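For reference, the structures are reproduced in the following blocks.
Across the two complexes that follow, subunit A remains constant while its partner is subunit B and subsequently subunit C.
For the complex of A and B:
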């Protein structure tokens, strides 16, 4: 009876035994080492497109370090893997930003909002390009804006888990407003679409961020006069 | 050598001190935190405070000259300075409102003619703290939730804060064409090209309806059907697995909410809701409610009655009728009645790609068709029917007037101002208007699929013998099931990866019964649930259903159902195709 010989690898300086044929991602999942993924579908375990590149890890030691996707890298003996470092953090941050740039963020019409994987990624990698709407599970005609409430969700920084809007309370904007052109533009569009007076929105915005640059930009895009 | 602990200081400038207080509210975790970090500076809690610190959490805003000097001192003595809370991170927070009126008028109203000089005199202008000193990181919130404080403390222990800057991202929103279909559509502008849906459609379903298509010399790649055809024309079987697998919600199901509203608005209409309790599972999950699923279904029934449905019927009855009918076919050993039609997506698959198998489908076992036959006779031909189901493939049916998925049902209810979560549970439950049981157990979650112990139960009922089931796995996604009832043996094929059906087409004659389930985890992973689906979520839904079944399962119901079937059989069945 022949026994399958295990492969010795190092993950974050710990000696680990792995089966030949496994990938680095498999080993890390087994050991509960967190590696973010987006294109990897847990429903279809065998098929890995490797197209989002979020699972990149540092392979090698000393001067010879390469960044590879964990889901496509098979284990071999003597492999040294580092799953987290400053470079990896910065690379993954860029990747999240590129993925977001490709994506149109109209969360108020999206059935995934409340469950969106971008929320966790943006929080972990410090990308502040999402709003409360991405965390709010209400969408479509369920959305507070559709009911005529002046909600600041489309403009406010995410991260609170939308604790107010989940309870049916409109967003106060207590976390501050996102000073990003596209977010302000799309917010103006959605307020117009849902027939919400833009002057009322400006009034609510002043409560928590009176001297913010966002208010001026918002007024410029919306054409609101003093 | 022992590692040095990370030194943390918590500071408050002018503010309500809510953030500082909120750290002390972490009572249970404070002891654990104190083991890992060294709290060097925390005026609210301890009397001995020292500089320097590694990480300084600064709450509040700069109101006086004294504050400015303190802030600069903190900056000098810390490696990382973090704006903590809303006042520090967003331009003064509520205090910014002070700039609405001139300072002198406000000052006079509070202090009268008293003069203040030097460091404690208030500044006339409020600026964010990052205009005084360099800020490395922002933690937002008013107040910052306790879980978030914990999250950031552990994040900084793992790695020092990376500087927070916004990169200018300019999105070029060029209009890619929407791919349309009768049941659902795809918006390529929302897509992030992750390839999940393409993989499922090509390798799991085996249809290959969608693929990456480049336009303009390969510069722009979009997910699309070939030549931008509608989904139905491109060979889609409407299983909806692309909808549940999409992490960003680029697929959208056709909304029937308006249609249902119009039906309900007319008071002359007699309206009947056919509810599959399965579709309530993901609704309960998405809004993270922890309660008994049985009561939650009662809440949904109560709210359906409230918005004006005259009758609420359980769709599980239809499934059991077709189960009995299929059991009859298996018992007789019919040559051409092998593939049950209770999965509309599997029906579509055979109609579109396996024409040679069409003669094996028992079209008369379609659960919706069987149930509607009874309902039409009970409520008359002019009643309006609305089906609520987790299945997207039913969107194209002609049997009912409208089909709602779980998100649509929630939207319909909230439009009428009804919150399911606080609705009082309906005591009576489903209507028992027809001559049968009213509520049956949901059987499309069992690990065997609908080919379950209930089918065996009915078989043993008709053949009056004891029975047992044996499962043999042929390959991944294909199982052979041997049912032994008394002295007779029946063989069945159970396919959960439709792409593998191709191999077994020629061996169809060996089996008495064939079952194809395109969705992951059966109907618990259907396309009409709240996306995105994960194995854990589907497993949780399955457990919810199992508990639900334990409460209502009874042999009496099954006896009543088989009697109903016999009454139907007396009239004679007609095939819809």
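For the complex of A and C:
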């Protein structure tokens, strides 16, 4: 059996040998070079939808740089790959925002319970449009809202690891409220759905953000009078 | 006339400075100035519902968070006549001891020890006293971890609320904690011995009144009666016993006893008044040190180290009792709101802390009053400074030395000036 000739490629200025037929993502995974992915799952061998586009890398050098998905790009001799730069970071950040925009953010009913891959991505790429609910392990019947507690989880910035709700204490909103229309709208819906009095929510919001625009918007959407 | 101004005193919690006015060789005036901005906590809590009160008020301080939390909880529970279970009170005591250890070890190792060992800061000690510094980090972490297990977080315990706890620590967590506490005993004993080997200033004060709460059977930090030297009073009379006054140069109020003498609270006052309740090892160190009962504020660091030993012993006892009862998954007590007022007093690391609330029928705060230990201590600090500076002037020390020792004295009190700021001055 003749030995397969290896292909020489460059990843982040390091000379690497790769087998022909491998993709850039395969080589990077083998060498522990971090590339974020959403749709790629190593257990589904061969199936590569290439739809999330998070694994985008820069290929080429000098003026001739192309951005390609690492999971769809096969290796070839002399390929130069850059897995991280400011431009790639910004591109990936945009991609996370797009993915998030299409995502149904009703985390309070999600069975992933606090181990959400999106949360990690949003943290890495400074996307701030998630709430405490995304990190909170409680969902369904365990959710504090289902128990009738006035929890500010659906309105508050994530990042604290939901340390209060994990211990059975409702969220105070101490990290600040997310001033995003969709989030406020969906929060109003969930409070209505769980039969939480909206006046009580407004009162609790006033604890840490007394004069915030979020409260005004919330009042508008919820139809709460002064 | 000559003025000596220390500038902002380093290595204390908050901003304060000392201003000394001299006329020739005589002391004309001495001012302990707290220059923190006002905090408005007592006002911003007005109109808030009862269940938010502990969570808001514990943010007064970031060192003794559990104490503010528990004082507020006790105030609310007294107002609504809520009875809590024995398990809850044991867990609360444990939380309190954790807070005491964390605060005391922080002060001993990182704020006061550099003074005793002659270094400008704790970081400079690293070369000569690496073991001591590491021990300090270890012990402070232990105090934080007790709070983390019981309260849920190292600071601002969210689990502890009116009526009980939202979730309880597991028995394994408690057993692990007990093992670590028992290991820490040697470290704590070495700390007392280290402080005892050092010489420090002697300032003799006999004009002040020592005050603390009267605990139950053990050396714990809750109580419903106030000890003022050797007289016992009900806690509801605290406003008569601590006459609050404000002075123009400081944003902190000060407290004066009914007889007009300054009041001292804190570790020294507690040890002087209730030393007979100390657990055995701590009592041994108390008698061995030969410094107590003490009227010297510089002994505060030593007193704190002895209290830490007591806390470790008590923590182990409490955990033993909890484990022998078995942790019961009980619900927190039900609260029925009614009109009324309640006072919650606890012994915080720096002294007695009072929270008082008045609620309307819906359970909203109508009035709130907080007296922090440092606010009680500021007047006593000023008198101590006067005694110190007068004696130093008699002995002919220079300005640099006076500044240095004045700062050391302030640090020995372990003031938390940012909590003490209450006064607001409205111009116009």
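Structural remarks
The definition used in the following text is that the second predicted complex is superposed on the first by the 224 of 226 C-alpha atoms of A that agree within 3 Å, B and C clash if a C-alpha of one lies under 4 Å from a C-alpha of the other, contacts with A are read in each partner's own complex, and residues count from 1 in each chain.
Keep this in mind: a contact is a pair of C-beta atoms (placed from the backbone, for glycine too) under 8 Å apart; a residue touches a chain by one contact, two chains touch by 3 or more.
In this text the structure is predicted, and so the values were computed from the model without any measurement.
Once the two complexes are overlaid on the shared chain, A:110 sits against subunit B while remaining clear of subunit C. By the touch criterion stated above, A:128 is placed in contact with subunit B alone, subunit C being left untouched.
Of the two partner chains, neither subunit B nor subunit C is touched by A:151. Once the two complexes are laid over each other on the shared chain, residue contacts for A:164 go to subunit C alone; subunit B is not touched. When both complexes are overlaid on chain A, the residue A:207 reaches subunit B and subunit C alike. Contacts of A:179 after superposition on the shared chain: subunit B is touched, whereas subunit C is not. The wider contact with subunit A, measured as residues touched, comes from B rather than the other of subunit B and subunit C. The interface of subunit A with subunit B overlaps its interface with subunit C at residues 163, 168, 207. Every residue of subunit A that touches subunit B in the complex is listed here, in rising order: 38-39, 41-44, 47, 49, 51-52, 84-86, 89-90, 93, 97, 99-104, 106, 109-118, 123-124, 126, 128-129, 137-142, 157, 159-161, 163, 166, 168, 174-177, 179-182, 206-212.
Against subunit C, in their complex, subunit A makes its touches with residues 163-164, 167-169, 172, 203-204, 207.
Touching subunit A in their complex are the following residues of subunit B: 86, 89-94, 96-97, 99-100, 126-128, 137-138, 140-142, 145, 148, 151, 155, 158-159, 161-162, 164, 166-171, 173, 187, 189-196, 198-200, 203-204, 245-249, 252-253, 255, 257, 286-287, 407, 410-411, 414-415, 419, 520, 525, 530-535.
On the subunit C side of its complex with subunit A, the touching residues are 48-49, 52, 55-56, 152-153, 158-159, 161, 166-167.
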